[in-house]
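By written order: A, B, C, D, E and F. Residues from 1 in each chain.
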């Protein structure tokens, strides 16, 4: 499953990108700007990162319920979305949408829509798969803090092997068996998996670097492909 | 876990209620009207029922994606919400909210908010648990087409026993083991279970009848209690 | 008054189309897709049909006021709008608008806007004429369950003649004199007639079939033309 | 049909009130403030008056379509609504609603909602009757520039008689026969009449003066009663 | 600082334009329509004029607070925006935006957005500079009732000289020293000046006439240039 | 000017409060909860603090324009508003409003509305004074990082004296003369001063501590009073 011209791409960017320096964000914006003319559509979802965790901690100490904690994380992911919008300039829809419906409407302008989270109970990974499903995206790229999915935790096992391809069902088994390490927790959001599975959305897990993102966008076979 | 005065209740009503005749809906509205003065707050979520399935079938034949199918089911559940709002008259907030945020804002008027679904990827059961979590409800009542949760399928086994209480973890195991029959599928929505578990929301599964709903609301120990 | 290239069309589709099978809806979507490149703009309004009547009956039994009955019919017409949006894919604006203002804004994206009803007190025929007026449409096509307007009821009189052209004033006289049979009731919505008259919107009443719609769109002289 | 305690009132105020001096508006606001504690609910609709006509003229000269002319008149009526809101202070909902739905939601706060127009194709008289219907008002008071409905034009015939009561059907006949003079044109809005008729809303036509409004609100038999 | 092809222009039109006759508004709309193909983007802001002052006076007599007076002036400026939208036809976004965010979103459709005011505490001059800043406009043209900024009041001193260029700092000094006459009061809105200064937005003060506006748009050195 | 029962209070809380620990926020929430029954209304505005500055720095490095920087600061101030809302529980309106209009509407529910910023070009101090003006507040309390306004910079001059009372005009002169030190920069927002002056809103500058806030709310003469 390689990317072709006129693909419709949904790209999830890990929140940790926004904890790094401005150059990293600009480098990725450049990759997206270059790729854009080859694509039919591009929608980006940004995670919350360290800043989200800091705010969520503060809110938990104050006694906020889980739904409110999720909402606060969502607000931070939306500020990250604004940082990316700024780097994309007039290519991007000027504000992150509040809801899935607003995102889909914004997409119909032809601009790159950059969303953060939407609602409690959903990770930004779930948001990315919902958008991929609703917009009939041909691929969902999940740019994370790891190179892809391994058969065991690469931090603990030197012989851990990066999987080229995995089904949603296998991924679920690995999660239950504890084979997948905590750092990739977010990949496992049950709602995200359910959506990928039911709509058979080809999903590629890659590292969030300009090189990897450019690689996938020009059709290179990078990271792990999850098949629905 | 019995209901006390000044409880804050979220009540999910199965969509099939709205496939029955007007008297059934009115009877339940009457129960709610009576109970209201004893409660600190009441929020109701209505399912989609047969009409939703009919529309979803039509949309599937036309080639709609899964997210759009969910959205169409959501629209029908919102029409059901309007039917209940009509029977409740000025006790109810006059329109079903579009989003969780709108529902929470509407709740702050003190009226009974009646919601249908909100978003693709979420059953109306998930909506009910999200509302229960966000509104810090003291109980979530799920009025379904069955009397509660059985240890095996009561349609196939005459010795099936209604469980008085079950944990979310046990419920998950039963689902995986296939002990729970298809008809109660919706109870098993993974997002709904995750929310109930993480926020330890006491949840009671009962049959959707005026008697059962009145029973739970006056503190009787009916159906199955799910503990977070 | 024939359709020319670069016409701006508002098309009303009878709700009964959505009571038929998926193939009928798809066939009409195909006609519209073909015609689109010849038009400056296309806006579609969908009626409520049998499903709307069923829900309105249910709400009436519950004791809903007339305005709420209208609102419920409106909700159903909007679900019908979504079915058509699905078949039109990325040519269509992705959601039916809630208000006239939202419809006009959505039209400025260049997409085909598909609306249902907007407000109590207005039939979807009135909505179609309001949109035709506000968007300065060059023609309003009303695709109904009949072939056009007859001088007497064609079900009772074998010599009933299809009128090629009729003025709004003549139409009003026929309505008052009882010459027009009940089945075409909706055509007579006083608000729709007032709008057509005051803005002199050329309006063609045709049967809702792929052939008739295609015919009018390629400039054939089908059905009855109402002149303002 | 006299007003009772706990009536739910919709009051239409002629736009010409806002062409007069501030004292007149304040005097009416005082009457409403006094009456409020006796009522279950009060909703006010303000017309556009001379300022609306001036703006509509300007827009017509520029070449605006009829729908846009209506929208501009609507905007002016909404500014008039704001003037009344200011005089009512914290008794009033702080902004005029944009749509019927927003008006109904605002009413559920218990404040006096003051609306102008909503949509093209509807006079503010139609808005008032739609609100009366949707809110299940017990009476609609239409405060106009005349004392009520006469059997002939009182400006031309010295023996013209104020009618105590008239049915919608009689009113329609008088309009068609030309018995009703142009100055009361707005009373005849066909949508307003249709709503009053179908929902049998008791409607009283009175002169827009503090005395008449107070009179009706304390149950005096003033002006003309239209029965549905 | 002359205008070049592909400039992004924000144009403020004095409210008094809308107190004149329809021909003046149409003449300016024609200039804008002609210029449009040479520009990357055009956003227009309309003032309130005499009609705004009339309504503000009425509201002051009723006892409205300053914020409400501002809001009423804003509503009138938005009606003026609609008059211009009408003359621009399908080149314009069809409604004036309610907020800065909505204006920026509307701009991303490529249409000419025509705004009135947004919020209390801001003149429409401040709105124009905020839009210029947020949209990264290359020039802000302020079409007023005067030819530009003079070194002293031209009505009192026959030797008053039109300044070709002035800095924001010099302008502030002139204002404090009383050198600038009352008629140009609006130019001095402190928020407008702050925005122009902090973002160094080249701003040209010209007379609101078709000739001057056309002149600036084709690059002629007219009126006074304020440099940030 | 001491606070009386039934005062209508707008309280601005410095953003730095939200950089401290949870206990500080809870302590202030407790003070507000206690005071509430003595007040006719309470509206709170939260600043952005260190987190806002961090995000603004990141956005500046990426090349964001000033208006976008303001918007990002606004988003962070709104997250701070949510933290306070959480501590206030059901006393607070559940979400921070997006605009002044939404804030005023939310106030009409009787809940404590907690707002962050609204728009570029406005500090949260300006937001607080706009709300005080629009809601006809009887006092604006500005809880800052200093004890009040001094005649010279207390960090550099040991004989600096806290002023009991100062007029807006005097404050402007001190600002221009450089007498006021940088740390109190935000107090000087020209829009905030203009609003306080034109509407003569009694404004008290105090330190943001539970003791000072409680003190002012029970009528003690703390900090500096600015008179309009």
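Quick note on the criterion: a residue touches a chain if its C-beta (ideal position, glycine included) is under 8 Å from a C-beta of that chain, and two chains touch if they have at least 3 such contacts.
All values reported here derive from a predicted model rather than from experimental measurement.
Asker: Quickly list, by label, the chains bordering both subunit D and subunit E.
Answerer: C, F
Asker: Could you work out how many touching-chain steps separate subunit A from subunit D at minimum?
Answerer: 2
Asker: Would you mind telling me which chain pair, C-E or E-F, is linked by more contacting C-beta pairs?
Answerer: E-F
Asker: Once you find the CA centre of subunit C and the CA centre of subunit D, what distance in Å lies between them?
Answerer: 31
Asker: List the centre-to-centre spacing of subunit B and subunit E in whole Å, with centres computed as mean CA coordinates.
Answerer: Distance between chain centres, rounded to whole Å: 55 Å.
Asker: Let me have the rounded angstrom distance from the C-alpha centre of subunit B over to the C-alpha centre of subunit F, please.
Answerer: The separation of the two C-alpha centroids amounts to 43 Å.
Asker: Two or more other chains in contact with one residue: find those residues in subunit B.
Answerer: In subunit B, the residues touching two or more other chains are 68, 109.
Asker: Name, in rising order, each residue of subunit D that touches subunit C in their complex.
Answerer: So the residues of subunit D touching subunit C come out as 65-68, 99-100, 118-122, 126, 130, 133-134, 136, 190-191, 194-195, 198-199.
Asker: For the complex, give me every residue of subunit E touching subunit A.
Answerer: Of all residues in subunit E, those touching subunit A are 101, 104-105, 107-109.
Asker: Subunit D touches which residues of subunit B in the complex?
Answerer: 90, 93-95, 106, 109, 111
Asker: Quick check: in the complex, which residue numbers of subunit E touch subunit D?
Answerer: 18, 21-22, 25-26, 51, 54-55, 58-59, 61-64, 68, 71-72, 75-76, 78-79, 82-83, 86-87
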